[in-house]
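What follows is a pair of complexes built around chain A, which joins chain B in one and chain C in the other.
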Partner chain A sequence: MFLDPDLLMSALRALTPILLAALGGALCERAGVFNIGLEGMMLMGCFTSVATSWFTGSPWLGVLAAALAAAAYSLILAVGAVTLRGDAVVLGIAMNLLAVGLTSFLLRTVFGVQGTFDDPSLAGLPLIGGFTPLAYLSWAAVAVAALLLSRHVWGLRLRGVGEAPDAAATLGVRPASYQYGVILLSGVLCGLAGAQLALGNVTLFTENMTAGRGWIAVVAVMLGRAAPLGVLLAALLFGLAEAAGFRLQGLGLPQQATDAAPYVVTLGALFLTTARRRRRPRTRSSGARS
Partner chain B sequence: MTPPRAEPELAVELRGITKRFPGTLANDAVDLTVRRGEIHALMGENGAGKSTLMSVLYGMERPDAGTVRIDGRETRFTSPGDAMAAGLGMVHQSFKLFDSLTVAENVVYAAEPRRFGLVDRAAARDRVRALAEEHGLAVDPDARVGDLPVGLRQRVEILKLLHRGARTLVLDEPTAVLTPAEADALFSVLKSLTAQGRTVILVTHKLREVLEGSDRVTVLRDGRVVARLVTADTTADEIAAAMTGRAVRLDRIHAPGTPGDAVLDVTGFGTDSVHDVDLTVHAGEIVGIAGVAGNGQSELIEALAGLRPVTAGRVTLAGDDITHASATERRARGLAYVPEDRHAVGTAPAATVADNLAMGHHRTSLSSRGLLPPAAVRAHARRLVERFGIKAATTEVPASALSGGNLQKLLIGRELAHDAPLLLVEQPTRGVDIGAIQNIHDQLIAYRDAGHAVLLVSAELSEIRGLADRVLVMYEGRIAASYPKGEADERTLGLAMAGAPVPAAKATEAVD
Partner chain C sequence: MHRRNRRSLQVAALAAGTALLATACNAAAKQDDTTAATGGSGKSFTLVTPDAVGQNEFLKLAVSGIESAAKRHDGTRKVYESTDTASQQQNVQAAVDAAPDVIVLVGFEFADIVAQQAQKHPKQQFLIVDACTTKTYDNVSCAVFREHEGVYLAGAEAGLLSKSGKVGAVDVLDTPQFRRYSDPFAAGARKVAAKTETSTRFVGGQSPFDDSARAKEQANTLLSKGYDQIMAAAAAGNYGVFEAAEAKGAYAYGVDVNQCTSAPGTVVDNVVKRTDVAVEKGIESVLAGTTGTTVSYGLKEGGISLTGLEDGVDSSKCVIADHKDVLAKVEALRDQIVSGELTVDDPAAS
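Our next item is the complex of A and B:
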């Protein structure tokens, strides 16, 4: 009675933003860039989509603007980590913190409100068969990413770049251009994730509304071993946890406890993957990742 | 213009290459001419300028002066890709492979056969099979490169170049990681490549293979060409003298020691990858363990040093049971250890020379009421630097600033200074210059002659034969053969290392 079609539907709706962001993170991971700025890029996408949809009246322009804005924002990571060889973890954290402050500031200056911007005339994304077009896009993106990585020339080169950038360079492949490519692509995907969250799951903007979904996407990347199908399964797990949280709330559990469900699942997943990695014998270090 | 002389065609012609780095002149007007279809050895000690010259040839460094001609055409490569396009390929000493990708993916990477934008995997496999067949480089195209032994990885590197149509192949220290049999196989492949008109440049400091495998030799010292030799007309001593600038005696067989009481006694010993090992090392004796890397030597030594759990058997050090003692306890009871990996295990590269020399001695001679008086640390460092001839600007520079040979002298000197009854030493001269090799060998012999026991693991058969009073061969985690000094030539040892059955009498007679 607990696992029924309704629960699955709401799980599938909940997973879309995580899945889109995690796919971007997975591509970065494959190219040797540890991208933990997903949360911040997603939040930029949330705000941009709402603001654009509000001023133009078109949620589609909102989606487009979100993708562009988050991609532009991802340049911080691309320039910082690839060109200037900074620490991707530090950059990612900075991006996440900056995004919270920047979107809150813009909320006040652009809309003149604090906390939440919410208006009945704000246009959200239409639903087709219960899902936004972005949800269908995210599923297609899994298939495309899986095919690109495993079979396409670009995917082969990307995997090589991630594993041994020196080796790729000696064969005339420039690791930096692949890394720029996937970071920008992860920006686009996170922008779409943000638009889905702010114009699909709900139709409003709230300060820090991503609420850790970008971090959960980072965990989904690790749990899914940076493979598109693995990431899909991991995202589904988190979607189920979030949907189950709502369900439990209906059963009278306090909201604070049920809201914690996805994060508890995340912690559990992290434990399991780290334990598994520890048990494997030490292998030679590969690549420049720390 | 003088009329063209009837000279053999040149595959590679470097003229007047000069390359200056801050503080050093790495290449000083170097000329290198390599004829089409020959195996040309480029020799020299570490720091002689071989790597710089090859980097210039390959487009990774821009020379300050000089010209590079490939197949008669002057070139200015700006990237390795340009060199590849001109038919020049390099196998680097540390392989540039993707461990998680398959052999076929590695070979075709960045030059993939395609169908509709996708990698044509069937065509890639066929291509690998065809090249492998043609050149005697058999390897499974679907194997994951990370699962392959080094000998096969090297084949993948060569296949990679052949797939790209390389006419000239540069191999940097190609046999450093190979068994004698694998090295022989490599040379027959190289010979068949040159028979087809391809050219091979061999960058190496190993004399034996240069003498057996090359046609001509160019020797560099201090950035200059000091000798151009035709292999057939030269000797190992002549090349060594050119490399070092002085006469060196190579392949010396040191006089045997005079064994005393047993110091290390190992019976029925086992770890996860070592089984049933019995061995004894006496005072005043060097016992050498030969074997192809990965047959349990490292695990055996690490377990004896206390870095790996022992699962079976008993180990005694001077009569005390140390089977399950910690590394610290073992050292306290008289064990010193020179690990195989001097960068990651043996030293702390970022720490100063003085601090590195103090490590281990911090518990004993240098400690004063729990503190390390800086003056004592410095004095200790100066003593060892002098005693072992370690070349360092000062004792306060980081260990990473030392050359490989000097870092190894530092490591060995530090361990010898413990004066421990037992020394475990792995690969004491890997990647070390001839001059330093001699010094290190002399130190080990002197240590033995002072009445200490030494257990030596080395991949260099000449080293084992020269130093060891007894030679054990490890194969698949077991002692496969044992020979007294002078009873095994390289061929016999090579066969035992490859797992060939050893005549029973020979195998047992020396086990005591």
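Our next item is the complex of A and C:
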């Protein structure tokens, strides 16, 4: 049988890290900061969570440390893009490259190993109903983010900052502080995503273990038009496509074809959503970036 | 705003430059640190590793191989440990400058570097272990492994131990070279239990060699279908496969080195590459004048083995240590392969 509970579980496990990172990316997007450093921040979260859990024996401290470390790392983007007005794309790529090198270096200096740190006594996150608490948190975060953006004054101002920073400034809203806030928040979320990956999905650290999940999150932000629910659906689509891809291999489809599944789905979804969008008049200018 | 921008750029460029300089110094320092030379008047050998040796069993074996070669010829040996692509290049250059009798390099990383150097220094003898240059050179010898023979034996163990009659493999990529780790596993299982069902999953994706979460999910798809013996040939993804097997009470098989310690009670056995044998025998044949050839090492030459067939099984933390009856049957199969009575199909043979 093709559609079974295992498939859904597998898809939801793949979903959590991507969803957490994508939510962070979506908030940044709404505030007018194009954040493509999700991959790097997530990787920092992976390493910090494993290192902290190993030395303290508590996966919870690992999660906390991952959130803090990734938030601190996100300051590169905050200072670079908001204060110094640098190019967010260049900064994001630099952050992704730096994270790969930095975590490999730390892995070597802190643990004295190369490639992978794995130990049977490394404490991972507990599973409740098959999922880590961070998975439930990610679903709750979707609802919270959706409410904040649509109903709360903070969300309204945030959107104002993203769409018309000058207008927001004349109304007494400081765009910079809102942008700092969401970038740090995206750091926290990516840190949690990293902790979920390294202490939840698996219990180990491998160099470059995020393996493109941060990039998929960036695409999910675009596909979901930076709306929390849209991002959830887009990330879920990826999770399902990936899990289904694994199954298709079992049915004899070559790996090269099943590898393409998430990307084919993305292209299809992009095509459908843009085709629909074109027919409707634009309500929101998406090009308003400082 | 613009001026401020430019200044910050200058600062960034300076910082980047300093960082580069610092790492360059580091690389050079590392090389001196690890140049361990021992006395003697005979032959001289230099080993260049792609990574720091540290706890890397695969490279530790290569070091012990060159040590025994040096001892046998009452010669000297040097070990240059690389840390990245740049230091690999530097170390090979340093080795060439010192002109030892044989330069031994371990890993595919060196294939292109050696191809360049071999042309420039036709008198220098090179030995590449576990890889080869695409073109053949008179002064480059290669030592490669017949992994499929070991994987076949691991498959036989799986076939004998499987309760569900289903054995699978999680492989890195669907290419002939990597199929050496999955196809023979299925063949070995079917040799001892003809009705065994077999299936292979390939990790694939953006970085197939270090995506352990993805490898774990691939293993899960096999486990949920009742597969209870899984060959883990997913590089760093192996740890993900072990986690998946452990959670479901299934068994897994490792590669290259003894991986049983990663998940005691879950990892049954490992297909190990005896780099030391390949280095030592490779040096012998180069010194004997056989150069420019590729020699493959399998069960017969002792270049490929299983942890279960080596000394120290009982302290290896491998599950196979508790199954002497299975080992006895696997030993019989090995002897058949060694004698040539049984041949293992090589998926990479064209």
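Criterion: the second predicted complex is superposed on the first by the 247 of 290 C-alpha atoms of A that agree within 3 Å, B and C clash if a C-alpha of one lies under 4 Å from a C-alpha of the other, contacts with A are read in each partner's own complex, and residues count from 1 in each chain.
As a convention for this text, a contact is a pair of C-beta atoms (placed from the backbone, for glycine too) under 8 Å apart; a residue touches a chain by one contact, two chains touch by 3 or more.
From a predicted model like this one, the values you see are computed outputs, not experimental measurements.
Novice: What does the overlay on chain A give for chain B and chain C, a clash or a fit?
Specialist: With chain A aligned, chain B clears chain C, so fit.
Novice: In the superposed arrangement, which partner chain does A:T273 touch: chain B (first), chain C (second), both, or neither?
Specialist: A:T273 sits against neither chain B nor chain C.
Novice: Touching A:T56, do we find chain B (first), chain C (second), both, or neither?
Specialist: neither
Novice: Taking the superposition on A as described, I'd like to know which of chain B and chain C A:V153 touches: first, second, both or neither.
Specialist: After superposition on chain A, A:V153 lies in contact with chain B alone.
Novice: Which holds for A:A167: it touches chain B only (first), chain C only (second), both, or neither?
Specialist: first
Novice: Which partner chains sit in contact with A:A211 here, chain B, chain C, both or neither? Use first/second/both/neither.
Specialist: It touches chain C, and chain B stays clear.
Novice: Pick one for A:T116: touches chain B only (first), chain C only (second), both, or neither.
Specialist: In the superposition, A:T116 touches chain C alone.
Novice: Once the structures are superposed on A, label A:Q255 by its partner contacts, choosing first (chain B), second (chain C), both or neither.
Specialist: Only chain C is touched by A:Q255; chain B is not.
Novice: Touch check for A:G86: first (chain B), second (chain C), both, or neither?
Specialist: A:G86: touches chain C, not chain B.
Novice: Looking at chain A, which partner touches more of its residues: chain C or chain B?
Specialist: The partner making contact with more of chain A's residues is C.
Novice: Minimum Cα separation, chain B versus chain C, post-superposition (Å)?
Specialist: So the smallest C-alpha to C-alpha spacing between these two chains is 15 Å.
Novice: Quick one: in the complex, what on chain A touches chain B?
Specialist: Chain A residues touching chain B: 147, 151-153, 156-157, 159-160, 163-164, 166-173, 284, 286.
Novice: For chain A, which residues are in contact with chain C within the complex?
Specialist: Touching chain C: residues 4, 6, 10, 13-14, 84-86, 108, 112-116, 118, 120, 197, 201-204, 206-209, 211-212, 215, 242-243, 246-247, 249-250, 254-256, 258-259 of chain A.
Novice: Residues of chain B touching chain A in their complex?
Specialist: For this pair, the touching residues of chain B are 79-81, 84, 90, 92, 96-101, 105, 109-112, 114, 117-119, 121, 160.
Novice: Spell out the part of chain C that touches chain A in their complex, as residue ranges.
Specialist: By the definition above, chain C touches chain A via 1, 4-5, 8, 51-52, 54-56, 173-174, 199, 201-202, 204-207, 210-214, 216-218, 220-222, 224-225, 236, 239-240, 243, 262-264.
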